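Both of the next two complexes hold subunit A, though its partner changes from subunit B to subunit C.
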Partner chain A sequence: MTAVVCLAVGGAVLYLVAGSLTALRQEGWAFFTTARWSYRHGEFGAASMLFGSIAVALMALLLAVPLAIAAAVFLSEMCSRRVRVALKVAVELLAGIPSVVYGLLGVLFLRDWIAALFDRAGVDALSADTLLTAGVLLAVMVLPTIATLSDDALHAVPRVSREAARGLGLTRAETIATVVVPHAAPGLIGAVLLGFGRAVGETIAVFLVVGRADNRELSLNALFDAGQTITSKLGGSETNIAAGDPMHGSAMIALGLVLLTLVLCATLAAEGLRGRLAGAR
Partner chain B sequence: MVILTLLIAGVANAAQPLRVNGSTTVNSVATEAAEALRAQKGMTIQVDTQGGSSGGISGIGDGTIDIGMASKTVSDEDRRRYPRVNFVTTEIGRDAVALIVSPDVWQGGVRALTKQQVRDIYEGRIRNWKEVGGADRRIVFFNKEPGRGTWEVFAHWLYGDPKKAPRVSHPEVGANEETRNKVGGTRGAISQLSASWAAGGVRALAIRLEDGTVADATAANIVSGRYPMARPLFLVTNGPPAGQAKVFIDYVLSLRGQELVRKHGYLALQDLKVRKEGVVAKKP
Partner chain C sequence: MKRRAFNVGFTAVAALAAAASVALFAAILGTVLWRGFDALSWSFVSEGMRAAGAEGGIVYQIAGTAILVLTAVAAAVPLAAGAGVWLVMYAGNAAKRAFEATLHAVNGIPSIVFGLLGFAFFFELLGLKKSWLAGGLLLALMILPTLVVAFVEKLRSIPQSTIHAAFGLGLRRGDVVRTVLLPQGVSGLLTGTLLGIARAAGETAPILFTAAIFSGATIPTGIADNPVLALPYHIFVLAQDSFDPAMRSGMWGTAAVLVVLVTCASALAIPLRLKIGEEAARE
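For the complex of A and B:
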């Protein structure tokens, strides 16, 4: 089983690496460091997309992680078993909602809310399709995933540790803060990393609200403007066009490779941390 | 992004469905033609708009579809990309590409732009509507995404060749519906769109020609060539249409099919002929 999985992942990576060579050889490091993507001119600098992908994922985590961990503490430490199970089912249902549905809700509601927010805050945004909009939408999407995985991590902390802490006279809040959360930290970080992987790889919901503007400068201001992520580029019309042009096709495959690398690193790190927690138990 | 129109005919006709894909501009005609043929002949027809015109052309190139819909001509480059494919284009009507603006821009007094102004807006040298006689509002340019026939017609007009168009950084839009909704819902917005689709609040600007006169995208101006961004609408096949594809194309070319072309705001082939003759007749 493990061998099959390794073979499949290894094969995918090899294929992407081989396919990327043409473009990476032409562009060199400029593929990662310059923001000038224009297939009609044979230029492939993906920095804006790399920035966009990481920026939307980090914004999502910034918004989602505090809420998700708080929810997990509530689920694991403060609920009766029956309530916890019921709520956990609800949270996991949320995690299972197809992303295109989230995208639709983003188009129907979130965009208008962001527009109203910009108006009130005096932000002079061109439109409400922005990296921020995508980040907020992703936050909603990754929140249940991080919450339920964090709850698992907290719940895996042995009861004995809690009882010992309480026995020493710590309050419940102190027990959570000084014993349970530190003990579960690797698992919590793992949950956050898996959330990052999901956010960075999300395509359709992002595509619908990100604005798809190429070659934006890399700055904080750019967060309040239309942008492009690796996934919104790969999900767009260029994939169709690239098929007939070796250099363009190779550049698109290189984008896929970068995306896969980001997600693989996050997932492997997360599983490593979660594994360590399981081992310690 | 992708409007999937799946028309499934009666179970009786279990044959391979006729696969049609491409331009959203042609799609509105093709979808209705498909409905009619389904009802009349029980044909199974799938109409899809993945990748716009380029999606239609590459679909014929790859052999994944039977009829491509294109609102631009098949370029020499396309033919080079697929040397084994014999692209046959059948013109079914004509359409104009307009620059459409959001209601506030129209009310702000902008009704026509010169080619140079459009170029300056596209390349970011003009960033506010007040510079072209409108209200004080930033310009939001929604650019049709790569591969869309609309974009290519626009770029052809401004730069002579889409390849010469400069690298720009505008938010992109895809299908015609998306373009219209985004322009309609964003203050200070402008985009390229099939003139027939300018409805629901968004308005089509006229082009101010070099002689100072203003050309609207009217039928007469399209036929005479005064309006500069006109384009033929094509159904594309590999080799001359045959079998089910021929039935479909013949229907679109028939009187009923051409009525559909008109119904969606495009010029039918008959209109082109009559008007062309009319224009010729007027010349001494």
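For the complex of A and C:
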């Protein structure tokens, strides 16, 4: 049983690496550095997708992390055990809402709100399907993940540390800010990294609101314009088209490999940090 | 005085953040359920779709999702049971670590990568085209870590003394597994299965290229080239047509059905999880 699972995973990774070679050999570093992707011309430069993926994930973290960690501080340090368990259960239920439902809400509400915001700010945008829209939607989606994992990290700080700090006359806020949070820092960073991994890997919700425009410039202005992420590219019909052409197919597999590498690095680093925390206890 | 102000301000900010998060999610859940229940009716859940989703119901989307989820569970439960018992009873330390790392990695693989791999393996290599079996097996692999982790957590909460007593009675390892581990661990496996159902039912990306189509499928009669309709894929396609107001009611109705299904499955797992957590804490 176990061997079957390990074989399947090993085979999958091998397939991704071997399948990518054709395209990566043709493009070399240009695969990562040029923003020219046109399968009709046999050009595969994925820079604007890489930019899009990282940009939406960073925007999501920028919005979600302060709120999530502040909420986690409340959960872990300021409320009773019952309230904490109830809130955690609610948070985990909400983390389980399928991403297509978030996507639907993005399409029906968030897009209109972003359009109104653009009007008010005087941004001249063709549509409200932008990298920013995807980033805001992702912020809502990763909020519960980061909040509940941060709460775990804060809660794992030994009671004695808190009591010692309070005994020295620190207020609760001072205790949290100078003792609990620094102590829990590896776990908090782990929580953020896992949130990053989730945001980069999210496909369906991003697909619906990101605009899916290829080869946009890599600039701050591009955030307020339609863009493309690795996942929205892979989720589109190009995956079917690419099956007929070895080079194109290989380029799509290479996108999958890049995505997997990004997400696994974030996840494994996070597990390492969180594991260290558990070990220290 | 300044310190007191900091304390009050800090507390207020944290409480506000928690309140804002809760309100945000209450609003999300409330919106989906409220709009969705307006769209729900008996005919909506018992009839087939008409007019490309503008009329009729979603009975075959419900059936398709049920087929995918049941296939995934049927494949993942035996795998998880075997892997869990092996991890706790038989595996050496190195093998254990390697397998746990593999599970973590599988859990971290983005769902679209599963879709891509499944497309290459089932659709192209095995020539299955779009097939419910391909989608079900992909989802099985995706939810496997959830099942194994929940099962193993429960197995590890069994008191060592119970296991020692069983060995002391002269039982062989296989008998201990059958008479102690499996009966005591079954609630963990059940918890994992419920969480797995919740996850598998809502996933769109893995079935995008391997199992789901938007219209023209009912109940599959074979394996190869036998796609199904599915709730998440239905919402996904309709959402791309969202400018058409006629589609709205179908979208909200489908979303409500899916959210209720997913939330019920993970809510059912809560009491079991809390209990396992307490037992683990007591050890």
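Definition applied: the second predicted complex is superposed on the first by the 270 of 281 C-alpha atoms of A that agree within 3 Å, B and C clash if a C-alpha of one lies under 4 Å from a C-alpha of the other, contacts with A are read in each partner's own complex, and residues count from 1 in each chain.
Everything that follows uses one rule, which is that a contact is a pair of C-beta atoms (placed from the backbone, for glycine too) under 8 Å apart; a residue touches a chain by one contact, two chains touch by 3 or more.
This one's a predicted model, so the numbers in the text were calculated from it and none came from an experiment.
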Item checked: Touched partner set for A:G52, first subunit B, second subunit C, both or neither -> neither
Checklist line | subunit B versus subunit C as contact partner of A:I253, first or second or both or neither | finding: second
Check: With both structures placed on chain A, which of the two partners, subunit B or subunit C, ends up touching more residues of subunit A?
Finding: C
Note to self: Tell me the contact category for A:D124 with respect to subunit B and subunit C: first, second, both or neither.
What the structure shows: first
Next item on the list: Please work out whether A:G190 is in contact with subunit B alone, subunit C alone, both, or neither, and reply first, second, both or neither.
Entry: neither
Notebook entry, point to check: Is A:S38 in contact with subunit B, with subunit C, with both, or with neither (first, second, both, neither)?
Noted result: first
Item checked: subunit B versus subunit C as contact partner of A:N240, first or second or both or neither -> both
Note to self: A:R212 in the overlay: touching subunit B, subunit C, both, or neither? Say first, second, both or neither.
What the structure shows: first
Margin query: Looking at A:G135 after the superposition, I want to know if it touches subunit B, subunit C, both of them or none. Which is it: first, second, both, neither?
Written below: neither
Margin query: Let me check the overlay on chain A: which residues of subunit A are in contact with subunit B and also with subunit C?
Written below: 204, 208, 235, 240, 243
Next item on the list: Name, in rising order, each residue of subunit B that touches subunit A in their complex.
Entry: 1, 50-52, 54-55, 58, 61-62, 78, 81-82, 138, 140, 145-148, 162-163, 165, 167-174, 182, 186, 188-189
Notebook entry, point to check: What part of subunit A is in contact with subunit C in the complex they form?
Noted result: 1-2, 4-6, 8-9, 12, 15-16, 19, 66-68, 70-71, 73-75, 77-79, 85, 87, 89-94, 96-105, 107-109, 140, 143-144, 147, 171-174, 176-177, 197, 200-204, 208, 231, 234-235, 239-240, 243, 252-253, 256, 259-260, 263-264, 267-268, 271
Check: Of all residues in subunit A, which touch subunit B in the complex?
Finding: 36, 38-41, 43, 124, 126-129, 204, 207-208, 211-216, 226, 235-238, 240-241, 243-245
Item checked: Interface residues, subunit C side, partner subunit A - complex -> 3-4, 6-7, 9-11, 13-18, 20-22, 24-25, 28-29, 31-32, 78-79, 82-83, 86-87, 91, 95, 98-99, 102-113, 115-117, 119-121, 123-124, 141, 144, 198-199, 201-205, 208-209, 232, 235-236, 239-240, 242, 248, 251, 255, 258-259, 262-263, 266-267, 270, 274
